[in-house]
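Letters are used for the chains, namely A, B and C, taken in the order the chains are written, and counting of residues starts over at 1 for each.
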């Protein structure tokens, strides 16, 4: 405090900082808060609102969301989404880490070409290739299969290996060398040394490859025809206009696992990303 | 500090120069390398013994003759799998790739004909399989020849067990990358090749299965060139698309960085709490927030409610006349969606900056702004170049924003597009909405060539690519 | 050793021969055509039925399935809910075996499937509803194919816009002041001119509802062409020539369609900006219940949504039945000016749709599927459907028994005041250009007067010509 009083300019700086933080918090919270409010609206329609606020509140929508499942089976969709997201996240992370490790530690003939190719592949408009993905799935019997989606998500995951590769680029090879002198092979080094070191990065990858299937709409819409197989995103999009509060409640609820995920892992996440950067 | 930045640019310049020089040298040494290869091949043809010839005839046979049972049987099994694949799928697929079907099906009378697009797809799959087969075949012959060479020079060839263990060590990458590469080939490369080939067919409009699709060569590209409506719309949208991609990447990146810097200040208490708010935005699926924002800015939405309550007249934020306000709202909404993740990234990277640098700068009398421009920025830029490029690409191809905020408009002076549409939205209007797949594919090739040249140039020039092993 | 090259050559040759032999010789499965509707019911089959969400939600679907399954239990035919998205595209699902056997969709969606033979021509003359369903309804499902005229769907209900209004919100003195024709029905809900005058008065006044919202008269989003294009039709405009079958002749600017455009602009001026985007459409349910809006136009099947909203605000069932009224569309002035009644009136034409059943070409049991369609369109089931869902039956006998609106809409259809949505696939290209046009037009009264784009009928006409050109190029330039 003493220091602050001595430096009115610094005090001013602190005030400005908090002012901006408050503003940022408001900007990010407000639309979400609105969604939360809407989910507690008594009337099904968004339009029984006065401005941002519902005219009447009630907990009914959430009760309805989980009990009135005849037409809109939200609990089922939720379980489906969870299964797909968790499985694709696990497999996708495994493949991504493996790819990043190899691209970082091995020097082989076609490596640079491979790196450039993956960058290029990411540039194709993805919906144009959806027709082909769908046809492929019809031929391999992957339509109406959750495993089909998991396969596609996991197969696509290694395309985003660059961040992870950046991480491995910064891990010193001296530890590997030491282990190699002790007679360890590359597989053992990967399992016993690199993986434990990469824990934060693995957590980051888990989270980012979880979020994609969690909120994707196009692929499940294309591949899951049966209502009982739908994911939350597809289900919510099929709601009537008049079901807005149910839509809002469903959207709010779907955010909860990610927030929990974030809180549980935020410690790793921050250090994970930092480790991905270049050490000077 | 300026010197350091200068050095950074000089280094970049040198690396670009080296890149091109490298290509030049590659061409210079090409004849020599080709000659060396040819000589090796000729000596192989001369020296190969009976067992190798057996392997040439049938995969794995030579290995069996050498008594390498396990390896021989594996190659033999692979041979069998490929033959079976060609018998059941591959052969039809390869022929179908050329014909694209000959019998039109008629579901009314139960006539089962050919599905052209499936044939195209299986054709590509078969070509990939054929290439894979060639690779395995060559590996098989090489392997047999290697064994022969080992015997010729009176050495014992490595045992099967030893070769297996090399897969976990020196050749670990081959094992590890096999699965990811296979996955990417089937679910990313194959669909893209399919789409590229579609650009040379007449697939689309009413010519979709069960009607037979045919190869038309460059006709679709010709159509694009001669269509008088096409070029003006393309350039208008392209201009806006570039502006959008640059602006939104810039905004998201620096706002995220700024936010991270702000949260990094020592005076901020409760960092986890403050960081929670952007995380909330990250947690709700994008399409939901986009629809929410669309409603929020609509005439019946809450913002206009308060405006009219206060006696003002409603504002059409996203309506037909609102070219620039829609664009600005698009930028803002996109920032809202993307800043959280770029903040997370920047936070992580910042916590890694060497504190001594700042201390030194402070001693030299550099203010906060100078510290930012001379230390933080170059450092962060250096560390995140690949991420920045992929963000640029993602923004360039950001389909969702204007599809959800302002879909369903064709503005005057645009051909099947609105003044906020990006190329990808336009592509969608033409290819999915209007079913013109082949034209859409042709246009996306044009777009792809443009974007890839830009991005690849930036990527290859970036120090993150050129000097990737500096820090290992 | 010089045998290496021959060995490699033999290997490659073997592969090539293998591919060529199998690839070229492998014939197609079944190229023999056969008639599918033999009349003989398939036994022990499961039929997957795609119905719309409302039918499932209101319990009609389960009733229908139970009744059908009981009747055909002897044959082992079981009909089940296909359990798919109601708007699912058969062209995507059917050929790969994921589609339903029987689909219930609108005529434009169903007839789109005909181009590539995804749905089958039906022997409709064998069906119970054949003679009791109107010609116009059958027309929507008729198409020339292979030089003959076939019917591809069985009409179930007619969708046409209706006027919804709150009787209790009429001015108290309407019997003396608003009933010039003296027929005992308020002119406001009979003539657009009076609706316009009433709405203008309400907008200018500062009347508010009990919870403080400003009151409006007629409210309706113009964004959706389905509801707006009717104004053009009323004055001679049309979508496609030759009864909506000739995509080369696009006619939204034909006749005196600009008069319809002018009516739209006038109506927009007595609403507020919410008629420009789709705000009003979704607000209408609750805004009619609170009394914020006096009247709106929408389809018959959403009646229950208005009722639900009114119930939420404490109105009794009797009160709602008495005061939430659905009526035929008001008449339009011949002059095309809502302030000029001098030249008399013409009936409003509106775009409508006909929903019905079709049978997928990929079904394994066409005869059982036909039996299902016959059953679902029987007198009893259609009556029940009307009861539960409030739909307007395409069967005249049911419509005449129920009377009321069903009769009016059936009459409107046969007199051509409901123009059935085109059933050709090119119709997909009209929506975005028309939507843009109506948004632009509805916005016009709210622009500063110096920036008016459509302050004369000529300008509207000119724009309509452009819109037709735009649709034409959307259909033909890339094809």
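The definition used in the following text is that a residue touches a chain if its C-beta (ideal position, glycine included) is under 8 Å from a C-beta of that chain, and two chains touch if they have at least 3 such contacts.
Computed from a predicted model, the values in this text were never measured in an experiment.
Note on interfaces A-C and B-C: more C-beta pairs are in contact across B-C. Of all chains, the one whose Cα centroid sits at the greatest distance from that of chain B is C.
Separating the centre of chain A from that of chain B, both taken as means of CA atoms, is a distance of 19 Å.
Centroids of chain B and chain C (each the mean of its C-alpha atoms) stand 41 Å apart. For chain B, the set of residues touching two or more other chains reads 300. Across the assembly, chain C contributes residues 282-283 that each touch 2 or more other chains. Each of residues 46-47, 138 in chain A touches at least two other chains. Of all residues in chain B, those touching chain A in their complex are 117-118, 121-122, 165, 168-170, 172-173, 176-177, 179-180, 183-184, 186-192, 194-195, 259, 262-263, 265, 267-268, 272, 274-275, 277-289, 292-293, 295-296, 300, 302, 305-306, 309, 336, 340, 344-345, 347-354, 357, 379, 382-384, 386-387, 389-390, 393, 397, 399, 424, 427-428, 431-432, 437, 440-441, 444, 447-448, 451-452, 455-456, 459-460, 464-465, 468-469, 471-472. Chain A contributes residues 42-48, 55, 70-71, 134, 138, 143-144, 225-228, 238, 240-242, 244 to its touches with chain C in the complex. Taken together, the chain A residues at the contact with chain B in this complex read 13-14, 17-18, 20-21, 24-25, 27-29, 31-32, 34-35, 46-47, 49-52, 95-96, 98-99, 101-102, 104-106, 108, 115-116, 118-133, 135-136, 138-139, 151-152, 154-156, 158-160, 162-163, 166, 169-173, 185-188, 190, 211, 214-215, 217, 233, 236-237, 247, 251-252, 254-256, 258-259, 262, 266, 269-280. The touching residues of chain C, when paired with chain B in their complex, are 1-5, 7-8, 10-11, 15, 18-24, 26, 28-36, 91, 95, 115-118, 120-121, 272-274, 276-280, 282-283, 361-362, 425, 428-429, 431-433, 435-436, 439-440, 443, 446-447, 466, 470, 473-474, 477-479. In the complex of the two chains, the chain B residues touching chain C come out as 44-50, 52-54, 56-58, 83, 86-87, 90-96, 103, 106-115, 133, 137, 141, 205-206, 208-211, 223, 227, 229, 298-301, 304, 308, 313-314, 316, 318-321, 408-412, 415-416, 418, 429-430, 433-436, 439.
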